[in-house]
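Same chain, two partners: chain A is paired with chain B first, then with chain C.
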Partner chain A sequence: MNIEIKELVFAYPNGVLALEGVTVGIPTGSLVAIVGQNGAGKTTLVKHLNGLLRPTSGLVQIGDWDTRQRSVAELANRIGFIFQNPDDQLFCRTVKEEVQFGPRSLGFENDRIETLVEAALELTELHEKASQNPYDLSPAWRKMVALASILAMDTPIVVMDEPTTGQDAVSIERISRIVQSLHGSGKTVIAITHDIDFCAENFERMIVMRQGMVVLDGPIQEVVAEREMLASTYVEQPQITRLAKRLGFSTIVYKPDDFIRVLHDS
Partner chain B sequence: MALIELKNLTYHYPLTNSPALQDLDLEVQEGEFLAIVGANGAGKSTLCYTISGFIPHFFKGELAGSVSVAGIDPTKAGLGEFVQKVGLVFQNPFNQISGSKFTVYEEIAFGLENLGIDPAEMRERVDEIIRLTRIEDLKDRSPYALSGGQQQRVALASILVMRPQILVLDEPTSQLDPIGSQEVFQVIKDMALQGMTIIMAEHKVEWVAEFADRILALSAGQAIKLGTPREVLGSPELPEHGIGISRYTQVARKALQAGLWPEKRSMPVTLDECVQGFQEIIA
Partner chain C sequence: MPDRLSFFIPRESRVHSLNPLTKLALAFSLIILAFFGPGLFLPVALYFFVLVPLSLLGKVGKEFLQTSFRLLLPLFAFLFVMQSLFYPGGETVIFSFWIFSATSEGVVFAFRTATRILVMVSSFLLLLLTTHPSTLMNDLSRRGVPASLSYIITSTLQIIPQMQARAVTIQDAQRSRGLDTGGNLINRIRSLLPLVGPLVFSSLVDVEERAIAIEARAFTLPVKKTSLIDIPDSRGEAVLRWVMAALSLMTIGYRIWLSLN
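After this line comes the complex of A and B, so read on.
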């Protein structure tokens, strides 16, 4: 399911312009990271995908749907959205009920709900915690519950707002596996992240925002090379890219294994 | 005597069987910058709460061993005594915001109002902190109408303005952009250089390596390492405890296995150390 965003402008009621004409196309199956400084408009942009915000002008299309003509509930069939703060989206008494809520609300049949919930608990490694109250879990695990509750909705597009914040190394690896699994099943994954290393190692395309505009958009390889443009929106190059540059490598690398390969060949 | 002294500290949250912290010994000197690293659930936040008096006052539960923070014993003193000595910046800034103020400016003044500070001094201190934390452009906005990262800067400012002797921070840069995180680390480091004592729980090991004086690594409520950043972050057992290592350490480990890292060099924790090691190999 393709996403088309054309000339999107969004102004808050007080007149503050949060998006100043964003045009982006995201084809089915894309693996896209959105980066940029705090307040650049990243969350504002993705909130247009599921109708939480409506364009002041311009167009947002999800497949053949224009978001202006669809309710948030309808858009939930196509876009799964994991909030930055899991506490904004959790309300059930147990982890399992929480994960069942989405697919139930979408009116899926019981068998399908069962299968989806099982798969979501499996991917997020929440099986043992299924009967606990989400608010008895640590914030890091609550984020997993939020993730599971969206995975179970089986939407063709999954949006994650800051999936790695407050997560330790083990959970960041788990999130990488989830991203790869979604990608493997043909879904579109869009993540907002400040973790440029996570982004470089797990995504294919990077969109860089600054002050309500897209300033860079392309394959990771090309975008991470633009040190000055990234710095202008408070983003650093990946650690491996910086290391390679200090050592005078002529090629751009951003993954530990690629670094070792280039070092070995030189 | 050290400013913070924990002896044989064991703590259980209410209605739990396994301790969140176990047999912990720790001394922190005045003006020191101590970072706490550990996997999720290792006890980082619990330790932050203990040093700031939220344990046992807010969370209740069962505290054994002894705790002394700036000469205060939390089991004897009230939370009010802590407020003037220790400031805690919450992990989730949303939970810290008072909910009773309409602007960021007023929110930052909230603590000072409660301490009964003179209005002229209050304005001076609020202005100074707003400048220092670079949130001039947010001062007239509602604390709730901010992005996560902006809210996090406001949460930090509203504690810094109280000039605590001890500043406790629970992942204070989790929602900040990379260069914003660096700025916040620098502000906190400057506070330490001016004599403020800093305790910071943090996952971003590459920054911790640059800024902290010492690091405490926790695993399942117990201290597994305490020492300089190099001693702790370069230690080979860290990943077994689910603690992240920077890409610099990661890549050097892979290189060592491939015979591409100088054998007598210890594992690097910063970019500079990593560059030096690989320069030897390339030469």
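After this line comes the complex of A and C, so read on.
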């Protein structure tokens, strides 16, 4: 399902102009990371995708739907949105109920709900914790519950706002696997992140935002090469890219595997 | 986050820059004057010749008039109808219809009560419109009101806007998961139910976290605290407060003297 954002301008009621004309197209099956400094407008942008915010001017289309004409609940059929803070999202008594909530609200058949919930719990490794209260879990696991509760909705597009913040290495690993698995089943994954290494290792396309505008947009290898532009929005190049540069590699690398390959070849 | 619960309107004015205690003293002495002072028309006079001009000086005239009318008109209508018709012991009938008759004693009583309430409500309104609640609290605790008391008051003032913000966030999360919170009444109520738990729960967590946070900053240490925020006060204002206190005392004295004779 394609996403079309055209000339999107958004001002908060208090007058803050958070988006100043953003045009982005995201075709089905994309793996897109959005980066940029605090307050660049990343969250504001993705909240337009599921209708939590409506354009002040401009257009946001999800498939053939114009978000202005759809309710958030309707858009939930197409967009799964994982909030930055899982505590803003969890409200059920047990992990399982939490995960069931989405597909139930969407009115799926019981069998399908059961299958989806199982799959989501499997992917997030929450099986043993299914009957616990989400609030008894550690923040890292609460994040997993938040993820599972969205995965179970089986939406063609999944949006994650800062999935890796505050997560340990094991958990980040798990999130990477989830992203890859979603990608494998043909879904579009959009993630906001400050973790440039996570972004370089898992995504194909990168959108860089600064002060309400998109300043860079392209395949990761092209975007990470733009050191100055990245620095202007306080984003550093991936560690591996910087290391390669210091070692005098002639090509831009952004994944450990590529790094090793180039190292072998030279 | 906008604090929708406080009436405060941030503007630059002579009234805004007065010390909060002065405004508090003014409110109290106006109320005492209105309730215990002489004459039927004193409260109205206080309203039109003191409170309204002060609200204009404070650049909140429009909001002041609007809010005081909106709050008080229904009450006044109710008072006048009830008191002028049912005031016990009213004898001088002004007009009557069917089984009701309005007496002038009733009308006078209603007028007196209504205008006193007008002064009471609007003098606090003036205070609240021109003073941020935390400034008032800071000033009071600087003057020796126990900090825990001002904490209780300010945190109570804050809790509703906080819970509102929280409710919006949780509702956003629910809608994002396909829950239809719009539409008909039943839908709305159904969508509110799952909200209550997390709302109360997270508010309790907030309270605990805040308690730990202020504890960690030596809130309960029994020493004299200094104030970070400097709230301007002047000799002139202190004198003014004494004058108002004296005036209030005199009014009360006058009332006692009257009742003794």
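Here is the rule we use: the second predicted complex is superposed on the first by the 266 of 266 C-alpha atoms of A that agree within 3 Å, B and C clash if a C-alpha of one lies under 4 Å from a C-alpha of the other, contacts with A are read in each partner's own complex, and residues count from 1 in each chain.
Note that in this section a contact is a pair of C-beta atoms (placed from the backbone, for glycine too) under 8 Å apart; a residue touches a chain by one contact, two chains touch by 3 or more.
Since the model is a prediction, treat every value here as computed from it, not as a measurement.
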| item | value |
| --- | --- |
| Fit-or-clash call for chain B and chain C when the two complexes are aligned on chain A | clash |
| More chain A residues in contact - chain B or chain C | B |
| Touching partner for A:263 - first (chain B), second (chain C), both, neither | first |
| Chain B versus chain C as contact partner of A:89, first or second or both or neither | second |
| Contacts of A:138 with chain B and chain C, given as first, second, both or neither | first |
| Touched partner set for A:203, first chain B, second chain C, both or neither | neither |
| Location of chain B clashes with chain C - one stretch out of 44-52, 116-124 or 188-196 | 116-124 |
| Contact residues of chain A, present in both the chain B and the chain C interface | 87 |
| Residue ranges of chain C in contact with chain A within the complex | 2, 169-170, 172-182, 194-195, 197-198, 201-202 |
| Interface residues, chain A side, partner chain C - complex | 14, 50, 52, 71-73, 76-77, 79, 81, 83, 87-93, 101-102, 105-107, 135, 149-150, 153 |
| List of chain B residues in touch with chain A within their complex | 38-41, 91-92, 94, 147-150, 171, 174-181, 203, 206, 239, 242-248, 250-251, 254-255, 258, 260, 271, 274-275, 278-279, 281-282 |
| For the chain A and chain B complex, residues of the former touching the latter | 36-39, 43, 84-85, 87, 138-141, 162, 165-172, 194, 196-197, 231, 233-236, 238-240, 242-243, 246-247, 256-257, 259-260, 263-264, 266 |
